[in-house]
Each structure stands twice: as C-alpha cells, then as structure tokens.
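What follows is chain A paired twice: with chain B in the first complex and chain C in the second.
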Partner chain A sequence: MSRRDGRSVPDSSVPDGRGPGGGGGAAAVTRHTVLALAAFAMLFPLLWALSGSFKPGTDVYSSSPFPLPGTLENYRYALREFPIGRLLLNTFVTAIGVTALHLVAGVLAAWSFVRFAHRGQGVLLAAVTVALVVPPQTLIIPHFLMITEVGLRDTFVGLVVPQLSHCALAVLLLREHTRSIPPTLIAAASLDGASPFETLRHIVLPLLRPALGAVGIVVFITTWNEYLWPSLAAPSPEHTTIQMGLQLFETSEGPEHGPMLAAAMLATVPVIVAYLLASRRIADAFLQAGLR
Partner chain B sequence: MTTLEAGASTFEARGHATKRAPAAVVRARLTPWAYQAPLLIALVVWVYGPLVFTAVLSVLDWDLTSPDKTFVGVDNYRQLVEEPEFPRALARTGLYVLALLPFATVLPMALAIMLWKRPGKASDRYRSLLFMPVVLAPVATAVTWRFILDPLGGVVNSTFGAVGLPEQDWLGNPDTAIWAISLITASRFVALNILLYGAALAALDRRAFDAARVDGATEWEITRHLVVPQLVGTTALLAFLCAVFAGQWTFTNIAVLTQGGPANSTDNVYYRLYAYAFTFFEAGTGAAAAVLIVVVLTALFGLSTLVRRRRVTS
Partner chain C sequence: MVTSTVAAVDPVEASAIGSADGPEAQGGTVPGVLLEGVTKKYGRQTVLDVPRLEVPRGSFTVLVGPSGCGKSTGLRVIAGLETPDTGRVTIGADDATHTPPGQRGVSMVFQDFALYPHLTVEQNISFSLRLEARHNRRTGPSRAEIGRRVTEACVMLGLEKLRGRRPGQLSGGERQRVGLARAIVRRPQVLLLDEPLSALDAQLRQHARAELIRLHRELGNTVVLVTHDQLEALSMGTNLVVMNGGKVVQSGTPGEVYRHPADVFVAGFVGSPAMNLHEVAAASHPAGLELTAGTSPDGRLRGLLPGGGALSGDGTLAGGGVPDRVRLGWRPGDGVLEMPAPGEPSSSGELASTGTPVPGGAPVSGGAAASGGAAGGPGLVVTGAVDVVEFTGDSAVVHCTGDFGRWAVTVRAGDRQPALGDRVRARVALADLHLFDVGTGRRLPTPAA
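Coming up: the complex of A and B.
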C-alpha cells in the first residue's frame, strides 16, 4: 500500500532475455504448458462464449470447440429482437459521463492537495482514503432513496452522478501523479506570475495527460462493467446499461443462449479492444489502484 | 534541491504578501477549497451523507415507499442477530474468503514467479492474457458460466457425462453452488494478484539469486528459500484484501446466477443487505446490515494499519 510500491511495475525490460538458470528444453516445455493452461482456464468462459455465439440454433449446446460452419444469426437476432444497440449506446454514454466527472473532480482536488498546503487538507485526505474502502453495496439504499426522492430515477443524471461515490480512487491516483511533477516547474510558473489555475492549465495538465488516460480507462472499464447500480437506478431499457440487458435473455420461454452469448460478446468486445490497445498502461493503472 | 526550497519560500512569500489586504487573505484561504469543491461535494453528498442516512434508516421500520416510518430503536439490529439468516450469511462470507484464499495467494504467486524467472516477450504475452479476467465484464462472464454449467446442455455436464462422471445441477444444488460461485469469482483474484506479485518480484534484486545459482543452488531451492520468503509481506496484504473483497466480488455472480439460493446456500452479507432492501423492502433491516458491515470493515482496516505500523516501528 505504500507509495513506492505503487511505482514499481512488472519489469520485463531486463536486457537478459534468456533469464536465469536451467534453460533445458524439458523445463521450458513444462513452463509453457503450465502458463498456457492457466491462461486457457482463466479465459475459458470468454473463449466458449465467443465460439458459442457463432454456432447456429441448437448447435450452441454442442461440445465442439469450433463453430463450424459459423453464423452471424445469433448477433442478428440479438440486435433485432432486443434493444442491444441502444443499451450499448447507453452504457457508453454513462461510462463517458462518469469518467469525465471523476477526472474533473480528481484533477482539481489533486492540484489543490499538491499546490496548496491548506488547513484541513489532512482531514480531507483521510476522508478520501476511508471513502475508498466503503463497499459500494452499503451505499445503494440511500443512493436509491435520494435519486427517487428528487425524481431522477430512470434518468441518465440519476444513473451517472451517484457513481461519483467511487471517485476516491481517481483522486488518490491523480494526486500521486501530480506530486511526481518536479516542484521547480510549478515554482517557476509561479515566479513568472502565473495564477494557480494558469499553472494547472498550462503546466500540470499537459504533464498529467498519460496519467489521465490511464485513470480514465480504468474508470471507464469499471463503469462499463457496473451492474448493481444500473439495475436499481435505471431499470428501463431506455436508460439502462448492457450489463442489465444481458438479463433480458432469460425470457419466460426459457433462456435464449445463442443470442445471449452474442450479446455478452458485444458487451465485452469494447473493453477487450480498449485493453488490447493499451494493455500495459491499463495493467499499470490497476496495479497502482490495487496497491492502495 | 536548493531550487526546490527557493520555490517553497516563494510560495510563502506570496502568502505573507497577501496578508496585508483582508479581502485577498479571504481569497487565498478560499482558493484551495474552490478546487476541492467537486470532491468535497461528491464525498458529502454521495459517501458520508449516505452513511449517516443509512445509520438513521437503521433505527426505522420502513418499506422504502410508504409515507409511514416508525422508530423502532435497535430492533432491526436485534432482528439481524437473532434471526438465523444474517449470521449464516456472515459464516458463508467467511467460507467464500477461505475458498478464494488459495486463488488470491498460492496460485498467483506460483504463476508470477514463473513469469518473473524468465523475462521476455513470451512472459509479457502471458501476462497480458492472464490479466484479462480483471477487465472482463462480470455479468457477461456470469451469464456465460450459466450456459457452461447448464444442467441439460452445458459443456461441463456433457463432458462429465462422456467420461462417466456424475452430472450435476451445479448452481441448483445447495452442496455445489457455493463452490461454483467461488470458482467463477476466482479468476479475477488470480488475475489481479499475478500483477501485484509481479510488482513485488520486480522490486527484488536479481543479483542475489544469481550468486546463489553460482554457488550451486537449484532453481527450486532458490524459489523456496530465497524468493518466497521475500513475498511474505505481499502475501499477508493480498490475503487481507481477499478477506475484504471476497464478499464484494462474489456479489455480482450471486445476484446474476443464484440470487442467494438454492436454499440460501450462496448468500453472503452483501447479498443479504441487498435482499433485505430490494427483495423484501425492509429498508431499516438492510440499513442495519450496511452499518454492521461498515463497522466490521473499519475495524479490520484499523487493525491492519496498526499491525503494519507496529511491524514498521519494531
């Protein structure tokens, strides 16, 4: 949980690519077998859903690992019979909204923590840290009552704004990054007569850009995957998210597994794409998040 | 560092200068809070306010919608302690922690050490694959598992049937459901903790191990006697985090797959809280459960901070 740990990142840039000891063929085979099996076991649901989503009709129950001949029927059916497109759009808008709120609150607070040594800062920092460990499930009752009371149930605002309750993580991560900016840079701007806001805008923000990207992606993915709050705050298909939508396939006529797997893939693909684009940075951001 | 100090004293000089004009002093005092305002509002309105609200709700008898709320004192708490559901849910939360503990410690440690022993492109690829369960949507994964474990057409049962093992209604049988939910949640712990062990390993000095190797130590001896002992602190931390997060991370799988059933066999304290409030519409009882959870967690975190401080000072 210490700050220094948070900086250390899995080191793969060690020039010695061969690594220590052993090197024997048998050992390498064992190692690759174990690691490949572990990866397969952990990603099995994803692979099985991917394969199943292309199997036509009742073939979805076949144990064959490959969907041959494959079909897009499940995807077409899911998109035609269920408002999947709408739900994906809702989820995207919600995730962007929550991410924007987190980043704005996070950057402003982080800058205040680093730039001003004001009274009450210690208490506020403690309050942020404690907020980090409050389980989201314990806040749903008051959140639900609050948005219902002000008539925001089943609206985007009601869905997005209460998710600011998880902003502690973004604040603390951005504070760490802001602290690592050389103080001389900030002091120099100050000497040149820049106001704190100008310093933030022209010196700090450009330097924070990679951190904002990483923290933003983490918040985006977390919000995209959120299930409990959308199920309470925005139950109707006009406003709810794709995670809720995956429940639609448990229809009264029994589960429609093929289209459900197709929808699950559609719900997963954006996150996988985001992950593959920046897997290292996402892993680093989660690493810092996890060590807190 | 002299420039740094100069910078700091410049801040102070400016602070003193503003003291001459009272309006400017007020402004200087308020500026930091203006920046903190969004955070402050978020914390007050969406975290601490709701916690107080929860505490108030916990002494009321209320169905979430009707206008009548009755003050019932500690009755909701008494109900939680005296009726069997909540203590059982608490015990099951402990069972989830125990079931998930190996997936939070031993397994990711072994995999992280394998990856660390041979840095390179292949290890990097494995690393990104093994991390993926953390970013996958829990609901998408859960509904896929429902399909995989389907008692009639699921691949697990058809495989079991083909090799002559007994087929099961994995999520519908009270004896197997809690283990199924644990196993479904496990990949998230393994994935995240491989990364965290990897960070701890990256901080170790490889030269010490090379020296042992030159002295004729086998790879197994090095791992067992030199590497693992240095991961004790990380393991303690990850075991603690497992104790805290096992209940929260199983929640989505319980909500999607079993709704606490069959026969309450997969219930945990978080699902119980949710069920009190949103299935049985007993807002007060749910709020009392939330208060108990927050109190226990605060005590756990306080304890862990104390332990860590004592380890640092002694």
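Coming up: the complex of A and C.
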C-alpha cells in the first residue's frame, strides 16, 4: 500500500507540472475544444467577410468559404473610387478627440470624488451611475436638436462633443482606480507641499497610467465603431466616419458588396491593432476595478 | 503680530528660517508643538479631546496608547492632514491651525512609508524640494542646492548606492530609510513618525530604533513618534505621552511614567509584563492605612501602609476619608520570588500566615521601614501556585494564581526556576507598591511616592 503511494506521487505530479490548469489531459482537451468552438463562432462572420473581400465580382454571393482564385481588385476599387483615406482620418480624429475628452473629464471627476469629500457626493455618484444605464440612443434626438440649434451639424465639433455624454463609465472606472491609490501617498504629497492639482499631475496621473490606457482603448474602439450618431450628426462624406462611409457603396445600381467588404476590412485594421497593443491592459484594468 | 503676518504671506520661507535657526536660537520658551483645546469628532464619536498638550522643543516625544486611542489622529492634526473641530495648533512660534500641511515646517514618515512607486529613490527624496523650487523661483532652492541636500540626506541614511532604484526594488528597511530621508531633506522643525517601525521585522526594528535615536541627536529637531508598542515608547522617547480614549492620560519622562503611573490604565499599559493589580480592603489605622484581602477572616493579605494616614488628609479623596477599597499594584520586576524550603510547611494555611504581615510585623517597625524598604525588609508578601513559566532569555516570567488572584513575577535566568504547581511567594518592598482609587482609577499618594 505504502509502496504504491510512494510510486503514485511522482506519477501524478507529471501532468500537473505540464498543464497550467492541472485538471489532467482529458479535461484540458475538453476545455480547449469548447473554447476553440466559441472562438470560431465569434470569428466566423469576420472570416466570411475577409474571405468575401478577396472574391472577384459576383463570386461574393457564392457559398465557397475560400476566395479561390483570390483577387485584390476589391481593395484597389475601394481605395480608388472612394475617399477611404479621408474617412479613416475622420474616424481616427473623432475617436481620438472623444477619447481625450473622456479621459480628461474622467480623471478630473475621479480626482474630485476621491480628494475632495464634499456634501452631496453620494447623490453625484448615484447620478453618474444612473447615467451609465441610460441607453445612448435615447440621447441622440436631444443631441441632434442641440447641435442643429447651435449650427454645429456636419462639423467635427458637433460630431465629437455630444459623445462626451456617455463618459460615466470612464468616470466610475477611473474613480475606482484613484481610490485604490494608498491615501498615505496623497497625504505624503500634501506634506511635501504639493497642491491638489500638483498631486494629481505628479503622483496620481502616473499611477493611473495603466487604467488610463485601458479606459482610453475601450472608448476609442466604441467611438470608432459608432454608426448611428455619425450618420445623423455628420452625414456628408467630408465629415463622416468610416462606418457611415460604408454606406457610400450602396450605389444607385445596387450595393457593391465586394469593395464594401474590402473597405470594412480596412476599417477594422486600426481597431484590431489598438486592441492587440492593449488587450492585456484592458483585461487587467477591468479585473482590478471589478475586484474592489 | 508682524511676524505672524509675514508667516501668513510666505510660510515656507518663514519655516525655513525657523528651522535654520535651530532649537537653541529660540531657547526653551517656545514649545515645539502646542495643542490647546483641540477636539476632533468623527460623527458622534469624539476621537480626540486634548485640553493642552505641549511637545517640548527638541524633544523625542512618543505618543503611545492602544489602537483607537486618538494618537494617530493627534499626529494627523499636527501634520495638518486633519483639521480639528475646535482648538489651536501652534508649531514653533506660529499658529498653524489653518496652515496647509506642506507649509507648516513639519514632515512625516508614514507607517507604510508612502513612497511614490513611480519615482526613483532620489526623485522621492527631492520631490518636496523640486516643488518648493517651482513655487518660489527666487527664494526656493537651486538645482545645485537640491542636489547637495539630497546627497546629504542619502549619506546620513546610507542610501548612496540605492539612489537610482525604485521603491519596489527595495527591502522594508531600505524603504523606511528612504521615507526618513524624504522627511528630513526638508529640514523640518518637527518630524512626525507614524508607527515607522511596525512594518519592519523584529530584528530590523531593534536596529531601526537605535538609528532613529541617533538621527534625532544629529538633527536636534523636535520628533513626535506614534506607537502602540509601550516598549518602543519607553526605550526611545525623552518625553512620553500616554493616550487612551482620545485623551491624554499622562505625560512625562519615560522614567516618571513607569515609576509613577497616573492611573490604573497607565499602570497596566506601560511596562511588560504588566503591573499586578489587586483590589484590597482598606481601613484607617492610627499608624497608617490597613489593607486586607482574601477570604479567610485572618486575611490572605493584611498589613499597614505606614504614613497612609496622609491619605485621609489629602484633598484628592472625596469626603476626606479613607476609601474602603483600594487597588494595590506592583511590578513583576519589583517582586522577589521566594520558594519555601523543603522543610518548611507548605500547606496553604501556613503559607497564608507567613504571608500575612505586610510591613514585617509591628506598625512601628513598618514606619521605620518606610524610608528603607530593602529586600527582605518590610513589604508585601503574596502567595500563590505557579501556573505558567514564560522564558524570555535573560529572565523568566512566573505567572501564579492564588487567593489573591493572578499575579506575575520576574525571575532572573540564572536563579532557580520554580516548577509548575509549586507554592511560592513574592516579596515586594514597600517603596515599590502603588495604590489606585477603585472608582476613578487615579493614583493615590503612597508613602513611597
């Protein structure tokens, strides 16, 4: 009995050493199979669109999963006939602008919540939380009326500024991260002679950098993918974003799906790059905020 | 009036001048820190209520008390991190009640050291000086001055080799030294230390204690340290402030506080192992104060405190009479353990009778012994059975139980150690006895006092 135990200990430790989950071979295979299937299900539309963007002419409608023989004609056509560069630039500037506004507002609001304990803070916090659950679509009509009233329709400012109204997520996430900074650090800064603003600038902001990166990426991607608001606020091709611009492929002779898919693929690249650069940070930031 | 206006306009400069003058310049007339009528409430709970507390200039003052006694709040009020609800905070010669923390000429070392994690050791230390240079371009320190002072602080605390490191790459002891360097680089009038040793492991703590004392001697400024460790308080401070329930219970030199605790709380809190306290019956006697305790009619403890008659004449007692019960205290270190010889009868009754007379017999001889009080002379004799023997290296603490309640006595390691269950007695010299009022807990005058 004891001899068997003695032998089984090193035996069982081998798979434990290999598999990080430690659940043994069969369990790992099952888990990875499920994950692979889920990943495939989520990626399928994207893969299909990618495949379609390389299919020539009417082959777009064929059910073949592979674009054989493949062609770059759709990409050439999209880049030649449509202002893709301009649309991408518009989108990029819009997303950067909205992200910057969110971060500035978020940091200032978060710092004020944490540093200046004032009366009515609970009410303010509740108001921000409520703003989080208001669907952005309900605000679109009021926003549209407002920018039309002040003559900002179809301008960059009119497109960007109203999108600040859904910065509640940024405020709440950054508040959680600011709260997690040890209070003694802030006390130490004030004893070192730093004003509240200097404390924010020299101590809090550097410590918030990972959180700022994560919140920034999330806002950037959301803004990049925004469709409804740009279609109302900036309908003209000179001012609109790429998502809205894809509509331009709906010509009078019918939709040109091949080039449209090619343009959509091009529109996705910056987002994927941004995500790949920051995916770890995003996960960490949300995990940390959620744990508190 | 004029000076205070100047200080209000440019407190940073004023404090810099104050610290440059050093403690000698102003003499002993100006206190280091003075709290007057300071109270602080959190909600309904009063966490700090200090009618008057003076921290002598140049002293190493230790605020000590159990957790929640208000010592940390007191420190934060001095630092300016908390604004008192009422009262005045004076630092040096200036009323600092409403001065922002950074302009009071104080600096602080935090329990967790609170080093800026994204800055190097050097940047951590120079942070306050760089801010000062930015605030006052003309009067603030120059770049060269900052470099010189940072180097000075680094040398003083042995941090030269760590200047480029970040806090995450430092050990606990190194972090503590960086926290200290950051605090002293500003040349504060008052250095505040909030349990700076509690995050260190025991071995390092011993060393750091000595370092702090040396640093205080070299800098000569006022140091206020907060701790819950009474041993740390006794060993480091030149001035001890014992706090409990938001109030200052006693302040004085460690020796005074240890030898003459102001009440039962201080008696029990300061000193380790804690003072033995027994409630005994007291009665007036022509020759002094007669004390009895225990259950038998004869009394397990009975005796006279000669000169105790002064008690009745003392104004501290309500009605001017002798209280019928008092609390009697003695320190384990003041007791001499005696083990009955094998031949000696050791039944409890016999022992009790040997232990009965407190001042070694007749009141007259007791009166004579009040001035002497040598070991073996008149004094208190307590009996009991050994319950636990706690070995501490140089000595052992013998915990006993008897009719008299629980008590402990210290035995030197070289002496014969009693075994568990042994019947033993401890003799305490008259001069080493403490008396406290049962109701208020206040110290009562004793002939020894």
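Just so we're on the same page, the second predicted complex is superposed on the first by the 247 of 292 C-alpha atoms of A that agree within 3 Å, B and C clash if a C-alpha of one lies under 4 Å from a C-alpha of the other, contacts with A are read in each partner's own complex, and residues count from 1 in each chain.
Operating definition for what follows: a residue touches a chain if its C-beta (ideal position, glycine included) is under 8 Å from a C-beta of that chain, and two chains touch if they have at least 3 such contacts.
Everything numeric in this text was worked out from a predicted model, so none of it was measured.
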(message) Let me test your reading of the model: by the given contact rule, A:T184 touches which partner, first (chain B), second (chain C), both or neither?
(response) both
(message) Quick check on the superposed pair: does A:A109 touch chain B, chain C, both, or neither? Answer first, second, both or neither.
(response) first
(request) With the two complexes superposed on chain A, say which partner A:G25 touches: chain B (first), chain C (second), both, or neither. (result) neither
(message) With both structures fitted on chain A, tell me whether chain B or chain C touches more of chain A's residues.
(response) B
(request) Answer with first, second, both or neither: which of chain B and chain C does A:G193 touch in the superposed model? (result) second
(request) Scan A:P69 for contacts with chain B and chain C and give back first, second, both or neither. (result) neither
(message) Looking at A:G151 after the superposition, I want to know if it touches chain B, chain C, both of them or none. Which is it: first, second, both, neither?
(response) neither
(message) Taking the stated contact definition, name every residue in chain A that is touched by chain B in one complex and by chain C in the other, in rising order.
(response) 184, 187-188, 190-191
(request) In the complex, go through chain A and note every residue touching chain C. (result) 182, 184-185, 187-194, 198, 202-203, 206-207
(request) Please name which positions on chain B make contact with chain A in the complex. (result) 3-4, 6-8, 10-11, 14, 29, 31-33, 35-40, 42-43, 45-51, 53-54, 57, 64, 111, 114-124, 126-141, 143-148, 150, 152-155, 158-159, 162, 187, 190-192, 195-196, 198-203, 206, 209-210, 213, 219, 222, 237, 241, 244, 247-248, 251-252, 255-256, 270, 273-274, 277-278, 283, 286-287, 290, 293-294, 297-298, 301, 308
(request) Quick one: which bits of chain A touch chain B in the complex? Just the residue numbers, please. (result) 1, 5, 8-14, 16-22, 27, 31-32, 34-36, 38-39, 41-46, 48-49, 52, 60-61, 63, 101, 104-106, 108-109, 111-112, 115-116, 118, 121, 124, 127-128, 130-131, 133-146, 161-162, 164-165, 167-168, 171, 183-184, 186-188, 190-191, 196, 221, 224-225, 227-228, 231-232, 242-244, 246-247, 249, 255, 257, 260-261, 264-265, 267-268, 271-272, 274-275, 279-280, 282-283, 286-287, 290-291
(request) Would you pull the chain C residues touching chain A in the complex into a rising list? (result) 12, 79-81, 100-103, 106-108, 110-112, 114, 116-118, 127-128, 131-132, 135, 182, 186
